[in-house]
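Residue numbering begins at 1 within each chain, and the chains themselves are lettered A, B, C and D in the order written.
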Amino acid sequence: MPLLPEQAAEIQKQRGQSQATLRTVSLGLEDHLYTAYPILDHGFVRVIDYMGDDAAICQAARVSYGKGTKSVQNDEGLIRYLMRHWHSTPFEMCEIKLHVKLPVFVARQWIRHRTANVNEYSARYSILDREFYIPAEDALAAQSLINNQGRGASLSGEEAERVLRYLRDDAARCYDHYEEMISDDGQQGLARELARMNLPANIYTQWYWKVDLHNLLHFLRLRADSHAQYEIRIYADEICKIVADWVPFAYAAFEDYRMGGAILSSKAVTCIRRMLAGESVTQESSGMSKGEWREFEAVIRE
Amino acid sequence: MPLLPEQAAEIQKQRGQSQATLRTVSLGLEDHLYTAYPILDHGFVRVIDYMGDDAAICQAARVSYGKGTKSVQNDEGLIRYLMRHWHSTPFEMCEIKLHVKLPVFVARQWIRHRTANVNEYSARYSILDREFYIPAEDALAAQSLINNQGRGASLSGEEAERVLRYLRDDAARCYDHYEEMISDDGQQGLARELARMNLPANIYTQWYWKVDLHNLLHFLRLRADSHAQYEIRIYADEICKIVADWVPFAYAAFEDYRMGGAILSSKAVTCIRRMLAGESVTQESSGMSKGEWREFEAVIRE
Amino acid sequence: MPLLPEQAAEIQKQRGQSQATLRTVSLGLEDHLYTAYPILDHGFVRVIDYMGDDAAICQAARVSYGKGTKSVQNDEGLIRYLMRHWHSTPFEMCEIKLHVKLPVFVARQWIRHRTANVNEYSARYSILDREFYIPAEDALAAQSLINNQGRGASLSGEEAERVLRYLRDDAARCYDHYEEMISDDGQQGLARELARMNLPANIYTQWYWKVDLHNLLHFLRLRADSHAQYEIRIYADEICKIVADWVPFAYAAFEDYRMGGAILSSKAVTCIRRMLAGESVTQESSGMSKGEWREFEAVIRE
Amino acid sequence: MPLLPEQAAEIQKQRGQSQATLRTVSLGLEDHLYTAYPILDHGFVRVIDYMGDDAAICQAARVSYGKGTKSVQNDEGLIRYLMRHWHSTPFEMCEIKLHVKLPVFVARQWIRHRTANVNEYSARYSILDREFYIPAEDALAAQSLINNQGRGASLSGEEAERVLRYLRDDAARCYDHYEEMISDDGQQGLARELARMNLPANIYTQWYWKVDLHNLLHFLRLRADSHAQYEIRIYADEICKIVADWVPFAYAAFEDYRMGGAILSSKAVTCIRRMLAGESVTQESSGMSKGEWREFEAVIRE
């Protein structure tokens, strides 16, 4: 359980304080506000604030004086049109702020998305907690034999046990020494900004992360993808559920045009035309490399 | 008066629809929401939405679970500290969305601030209104004789009259021809995306502009400055008033450390030390150029 | 002809001054350096500087010590892989700086691409030249009847003549008055920053524009597209030729995967699978809207 | 020594291959190209490529056809003017690409500067080397007693020894286990993307980092500052030397107006005016907090 009782109490308090506003309200997202959704063994995602909803996307696309909604049906069609034609600026008119607790090696991938605002818990200023990510049994994957950047089956038996023992023991020992080094009990105490260097990358950090909807969807497309590392994908999956409740039309269009669709090269388009015309096309006659052909087949065959 | 009756009615309707939210609410900004503040002869600024307040800045700086407010006094001190030491990321945690109507030549300066989200009324898709900025008498300034990029005194008499006549007549004629060219009455009608090229730069456009507080303050520092062109400064001045009601602590710190302060070169710091030690320093003995010395004197003399 | 004799002489001089460098050199791009390629009636594009080449993309992807080239074949394969899988950061390692002269209404579209560096000729500080874009006969297009944002056939006869007369006369008159207003001959002279507001949007401006290859390709995908306005597309087309000589592998991959390919929704993927399985699919049975189906058919039929 | 013999040979080879170019060449920077300047115990900075020089800044500011240089004196004055008045866009017209090897905890600070392009060595794809930052004796600082975010004096004696032993032993053991876990010798072998989580934050990583001069100077202002953590400041200091040789006028202006100068609040300006008028001002009569007054005194007293 990632929260201390006083943290849970603060969240409870936040959820109890309703106020009147003249702003656009997304009822779907209000239900999620402040609640910490547990992820991995000590992590979480929770929504701190947001701006806009589906109607706000249309309002900006139309640069309108009022709410901008002509009709619900109309809004859905416009949003699908904008998504299909890569009109990204109206989606930038919605914004969300998250509080995320995550292992450092996940944070290092996450931060590569530059178009976002971040405030991270400072290990120069403060002392980190003794919390490390230790994979569950079924997430303890072997190196893929065919993909340098991927995973194979789960480890098992003695090997799995040994890995878990190393991860647990090394984390514990490194943290013991971290605590001992910064202690000023009978000694000077090493500077925090130095002592933190002894902590392995599975220690948890946390940050406030604020991003507009367009850039969030771009993040989700890459990180909720099956090729993303499991430990960041599980955060992306949770955020997907939140976004689906926040901007249902935009999220459905995103699923249809980005997540569920496919991007074809001009070679692939030519192949499809030939196949629909009755021709039998093989990798050799396609003009594609083996890797491209494999990816192409995954698109056209169920 | 920049608004049509139906536009004013839509704004009135927006201001009448209060809803409950669990989010942070800035009471000071709620008062401004949707109201169109008139600027120049046909322009306006109005707040469409916002995220965060002074407490949200502190909450992000502390990466806290709850509201993050320790005490009001504490928050003010923290915000001043953050502003003084150029910790910009906590200010990025607040966001505002404006609807602005402004002359095209002002929009061209404004858009140079890249870290913002923009949706502009499209003159490819829609027909622009017949609204042009014609300066008031006291804004009809002569070219500065000492500053290539500045203004001198106001024009007067026959010269002023002639300028106003040119501006009015040319705008009217160009718009007449714009309308005539796009008309499909008895002719094909020129494409809108082409016809718009006949419209002078004092025609009004409008956009939705969304920006975080850090980048907004940067915009205000440059555009509410006395060296900014009057026609954009008057927008910045109006936005300053809005920000002061939205995040009073942050705005006060901004006024003290950015707007009202001064940036000194190392040469200038050396001069001040010499002067405080009793030495009489002149431009010649300062090591500064004439331009630098003039700016230095403006800082140290009232 | 867009260049004055002294400008042409300066360009000639730049092309004559070769120096030794240890940096990566793209021979294909050296041939283009400084030459002004004419576009529209008074515009141009010319390359001022660049950084990197195809090998530099691979070098960054591999974070290598040396040149990073394993073999030319290897580099091409890697670049195609990176493009196919949306690995954008290696493409950001190349940079190009252009000097562009373009009508103001084109500049207003162009500047919407925010991830670039820009220095524009200042009409606050300087006096603009009397140069206006007047479309050639075949670019004088009617408004599209089916697409609010598009063009139909060219205007002809009396209508075409009238449009050209309006554009020419209004530009000339507005510029005459601009000159008259800023003149200090026997009068104070209006400030330049004000007088410019009388100039229509077909006046030419110019800027230095610097952008990395990833963002340039994104610009080209949108602006060299058949739906882009002709007056910006013709700039994009010229830049495409330059990029093809600069980074031939990257440009070929861009053409195959971005320009020439297609993006399919999940509905479209399902339809293709059904069609390849022998089913006859119609718009009604596809689950797509009429607009989507029309775009889908354009992909699968030649 | 951070380089392997074959790496040193590759660098040597790069420095031996001069080619002709028509581009702007900075002789001062050519001398640095590719050379790896050692930093900390295993790190380095080396320049891979660059674009522009002092003259290129002026050329962009003037949007000129030729080299843009009127005279060397003229250029220096213009650059000082641009720096003094925060005209940042001309400085964005220069670009530099660095190859940096640095400890992960330094990389985590560095990456917070978002306006740059980065390609980092991938620990998902590749195996990291056994190289850890172990502070030199005089960099083994105690926690500051007055500043939560700072350092005090160096540790010594038994405490220093113990800290060094912990850092060395924990790094060695964690790396041993990392190697053992990814080994496929007689076992499946843990996925690299998982095994890396066992490595502490003082392990070295490396990346290609590309940034424009304006954003680089901003980075240097914050990271070459005396309040920056020593382990990143030493990188910034080395880069300062490189920039001084690359764009000497811009760097001198930066030193005078940014690094060596001071930013005064409006309260501080008022105090200076009062003091120059002969008044004796104290913290109490200044209106400043104790912290502000302490910083103010550091500016006006040598």
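Things worth noting here:
Basically, a contact is a pair of C-beta atoms (placed from the backbone, for glycine too) under 8 Å apart; a residue touches a chain by one contact, two chains touch by 3 or more.
Here the structure is a predicted model, which is why all the values come from computation and not from measurement.
The pair with more inter-chain C-beta contacts, choosing from A-D and A-C, is A-D. Centres computed as Cα averages put subunit A at a distance of 29 Å from subunit D. Taking the mean of the C-alpha atoms as each chain's centre, subunit A and subunit B sit 35 Å apart. Centre-to-centre, using mean CA coordinates, subunit A is 33 Å away from subunit C.
Each of residues 89, 112, 118 in subunit A touches at least two other chains. Taken together, the touching pairs cover every possible pairing of the chains.
Taken in their complex, subunit A has these residues touching subunit B: 3, 7, 10-11, 13-15, 17-25, 30, 33-34, 48-52, 56, 59-61, 63, 65-67, 89-90, 92-93, 95, 97, 99, 117-121, 206-208, 210, 212. Against subunit C, the residues of subunit B that register as touching in their complex are 103-105, 108, 111-112, 114-115, 118, 122, 124-126, 133, 135, 140-144, 148-153, 155, 159, 162-163, 166-167, 170-171, 173-174, 177, 180-182, 184, 187-194, 196-202, 229. The residues of subunit D lying in touch with subunit B in their complex are 77, 80-81, 84, 86, 89, 112, 222, 255-257, 259-269, 272-273, 275-276, 289, 291-292, 295, 299-302.
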